[in-house]
Amino acid sequence: MIDIIISHSPILIVICPLMMSLIVVLIPNNYLSWLITLVTTFITFLISILLYQEVQNHSLISYALGNWAPPLGIEYVIDHVSIIPLIIISGIGFLATVFAYKIMPSEIDKNSISKTYSLWLLAIAGLIGLVTTGDAFNLFVFLEISSLASVALVAMGAKKDRQALVAAYNYLIIGAVGATLYVIGVGLLYAITGTLNMADLTERLADIKNNRALTAGFGFMVVGIMVKAAIFPLHIWLPRAYAYAPSAVSILLAATATKASLYILARILFSIFLPSYDLINYTLTYIILPLSIVAMFAGTIMAIYEKDIKRLLAHSSVAQIGYITLAFSIGTKASIASGFIHMANHALIKGGLFMAITSMGYYLQKRITIHSLSGLGKTMPITFFCFVVCSLSLAGLPLTAGFISKLYLIKASISSEGLWLAFLILFSSALSLIYLWKMIEALWLNPSHNQAIKVKESPVIYTSLLLITFLNIYFGLDASLIVNSSYNASNLLLGISK
Amino acid sequence: MYKNPILRICTKILFAPIILFGLYVQFHGDFGPGGGFQAGVIVASAFILYSIVFGLKEGKKLLPEKINLFLLALGALIYAGVGITSIILGETFLSYNSLGTNAQSGQHIGILLVEFGVGLTVSNVMISLFNSFAGYELDKG
Amino acid sequence: MNWIKGNEMISSAMGIWNYWIVFILMMIGLFIVIGRKNFLKKIVGLAIFQTSVFLLYITFGKITGGTAPILTGSASSIYSNPLPHVLILTAIVVGVATTALGLALVVRINSTYGSIEEDDISAQDLVDYHDQNQIFEKINTKLNK
Amino acid sequence: MITELIINAFLVTLMMGIAISLLKTRSVIFTVILTSAYSLVAALMFITLDAVDVAFTEASVGAGISTILFLAAMAYLPKEEEKNLNSQFLPALSCIILGAILIWCSYDLPEIGLATAPIHLHIVPDYILGSKNDIGIPNVVTSILASYRGYDTFGETVVVFTAGIAVLALLKNTKTPKYQNKSKFKKKVGKNV
């Protein structure tokens, strides 16, 4: 039995949440649907750990679906690169489901909770399918599954605030245009190479030199994925979508949705189009590098002036995505590894921050803004402690996970681009201290509005919060797990050239 | 609900042939144009025509929401079930060679089952889409 | 690559004018999505944009003198490429699913905002935003007293 | 050969006409009818391009179901679209630039109908042979759809399922704060700005 699971694990990790989402819809009892979602995400997380072991032994697992050899049929490819977002998505998915037990009923009306959990599982399954697939068109199908499910989840926030509907609408239209641009890119590449399998595409692209359709196809694919990964100029949908989504949903989306698209961007830039080297070099240095520098500063400055906490964290997500794309755009082995490191750490940091804010919002039963936060630090010590640790990790202070990713990023940028880039990175993370201090000061120093609320923090909520904070600290002290797997990934990606 | 008898009688007469044509398209997918998606839409159009002419309540009586939701999930489950059985029979996901006595009959069975699952899901999704849009005004909070 | 040139120089656009028509249709669809302010019109523009992309895929698959990819038993017949047809079958239903979700959102927006024009909706959101700020100003002044 | 060219040219001009008149109209009913007409003419175009399965799907799903959904949604929406006040220059410019990039890249695309284009040489012969011997089904499109790339169709079914569940969750028993701010917001703020 076990070896069936092991040998079929690349497909089981996608099928398990997909099939359970079909079953969860039919269950009328709300508690039972949450329980099944919890068990499913836990099994998915176990399979992803199993896959991690598999990848360590033989570095590439290829699973031909339908028993047809890869160029004919669809192929699932799990290697050092795709295992990192895979573990992030299933891990954070499990933690967010544990956290969502009390939060979901307070935000979504009773009789659509089982549908919400079904959409929740579909979003996780779509993201995992996005990461594991090795076929360019199958990637579009799973991109659609995850984005339709995320749009519906964001729109469920309309019970609290009607702006969730407009945010979901913008998310849908911009996402659909991005996905269609990606399809045009795949179509152009298919027209000149004749194949859809990514590995096959790389081989056949190698012997096509300065073909205009290749450049245009590359451009369309990258822009389509940049829309989905909310990279700077195309990130307009992200702040409102994460701000007005139900709080449990914004935890899941903030920590996982953009990571899958960033992985796809790395896959396109460094594995599919690696042969056309000058095209990649040009895009990286003249398009993605400046954009990510602007993203770092624009996201942080917008966050400083923001009053609504969830939108503030969404803007800071845009800045952190800027760090990841900056790491990719430097293009050396060390920098791509630091990109993957920050991808993992940012999921932990943003997941922790959103969880802390959500638990405060749950007790206040109000929209969390700077003003409504004042004085909560004293009444909710555990949540405040976790919030402080996660914000220190965001700013990148020592002994936290954020410090590790900033350290490797600065080391990589010094070794290749020189001091000016390292200075910019340090300056922008110093800027991010401003809005973090603004929140902590409001939490701790300001007098609280109504001393009346005696808040008894229920263990169900703060267990996963403590767990994610502990992970933040643990990976700050001993980051060997993340660093090694990121270096394996960047070696695999850039193994040939640099 | 149209009182006009001509419409009501024509719908009653037309209902069965549309479903029959839908099933023809469903199982004729191997030899000519057709398959799960088109058949599901045709079958759904029969139910939608019925609930347009006889009113949403009658349409809900014809196909209650509970059963509609169940069939919705059942179609996709049939598709996933075919995949899981091919895993249990030792091949990779969604490979039909081992389903039948020999490879070719296995492919035939697999394709027929899979197309039936797609037809079931697509038809029930289209019916539930129409019912949610048409019934939105009634139960708006 | 000799296959691009075909039998006569490609500079004569004879062989690819069909692409240009499809590209123009695509850009009209995209323009409706970006240019128009009505939320329903944006969804119509998206549908046009996606249908034109499907047309592009199918023009890739066409072989002059080829028939539909249904095997007729005779070895000599040329079949058009069936793979783009499979991809487009999937993409059409994805397009309809996106349209259905977009329409559901537009209906909900209309019932809560009273209109589906981008300007009216952002104006109402702005008014919401200021109301919220006034409430907090009042709380702060009460607190500082 | 000539008749095919004439039919093709007629259908293409018809689609162009529909697309441009869609730009012009402001009445919602006319827009919906034009959209379904566009899908139907696209289905006819697919037939001339030998894509019979796709034409069937586009006619039934594209022209059929989405028109029903548009009509059902239209019942709740205002019948007239607003006059567009702000300038259309920037969207038009970006679309023209994108169109120019596409036309620029079309020079390197294989000629239309060229039998030696790469997509006809790489995996398609194996599909046609395999569909005859391994699967034994005359309709190659169905054999690829269900067996060779069966996982795509499974993802496809799940996309349809997601849309069904999402619309059910959105439109069923929905209670949202109707007019959140009781402020003196005038209905047509855009008009007298």
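In order of appearance the chains are A, B, C and D, and numbering begins at 1 in each one.
Here, contacts are C-beta pairs under 8 Å (C-beta built on N, C-alpha and C of every residue); 3 or more make two chains touch, one makes a residue touch a chain.
All figures in this text were calculated on a predicted structure; none of them were measured in a lab.
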Relative to chain D, chain with the most remote C-alpha centre: A
Between chain C and chain D, centroid-to-centroid distance (C-alpha), Å: 7
Geometric centre distance via CA averages, chain D-chain A, whole Å: 30
Between chain A and chain B, centroid-to-centroid distance (C-alpha), Å: 36
Chain D, residues touching no fewer than two other chains: 52-53, 57, 61, 65, 69, 73, 76, 102, 106-110, 117-120, 123-124, 127, 138-139, 141, 145, 147, 149-153, 155-156, 158-163, 165-168, 170-177, 180
Contacts with 2+ other chains: residues of chain B: 31-33, 35, 37, 69, 72-73, 76, 80, 83, 93-94, 96, 122, 129, 132-133, 136, 140
Interface hub residues of chain A, defined as touching at least two other chains: 18, 22, 25, 65-66, 68, 137, 141, 144, 148, 151-152, 155, 158, 162, 165, 184, 190-191, 211
Overall pattern in which the protein chains touch one another (line/ring/star/complete/other): complete
Residues of chain C defined as touching chain B within the complex: 68, 70, 89, 92-93, 100, 103-104, 107, 111
Residues of chain D touching chain C in the complex: 1, 8, 12, 15-16, 19-20, 22-23, 28, 31-32, 35, 38-39, 42, 45-46, 49-54, 57-58, 61-62, 65-66, 69-70, 73-74, 76-78, 81-82, 84-86, 88, 91-92, 94-96, 98-99, 102-103, 106-120, 123-124, 127-128, 131-132, 138-141, 144-145, 149, 152-153, 155-156, 159-160, 162-163, 166-167, 170-171, 174, 176-181, 183, 185, 187-190, 193
Of chain C, residues touching chain A in the complex: 1, 26, 30, 33, 39, 42-43, 46, 49-50, 53, 56-57, 60, 83-84, 87, 90-91, 94, 97-98, 101-102, 105-106, 108-109, 112-113, 121, 125, 128, 132-133, 136, 139-140, 143
Residue ranges of chain A touching chain D (in the complex, touch as defined): 18, 22, 25, 65-66, 68, 71-74, 109, 111-112, 115-116, 118-119, 122, 125, 129, 135, 137-138, 141-142, 144-145, 148-149, 151-152, 155-156, 158-159, 161-162, 165, 184, 188, 190-195, 204, 211-217, 219
Chain B residues touching chain A - in the complex, by the definition given at the top: 69-70, 72-73, 76-77, 80, 83-84, 87-88, 91-97
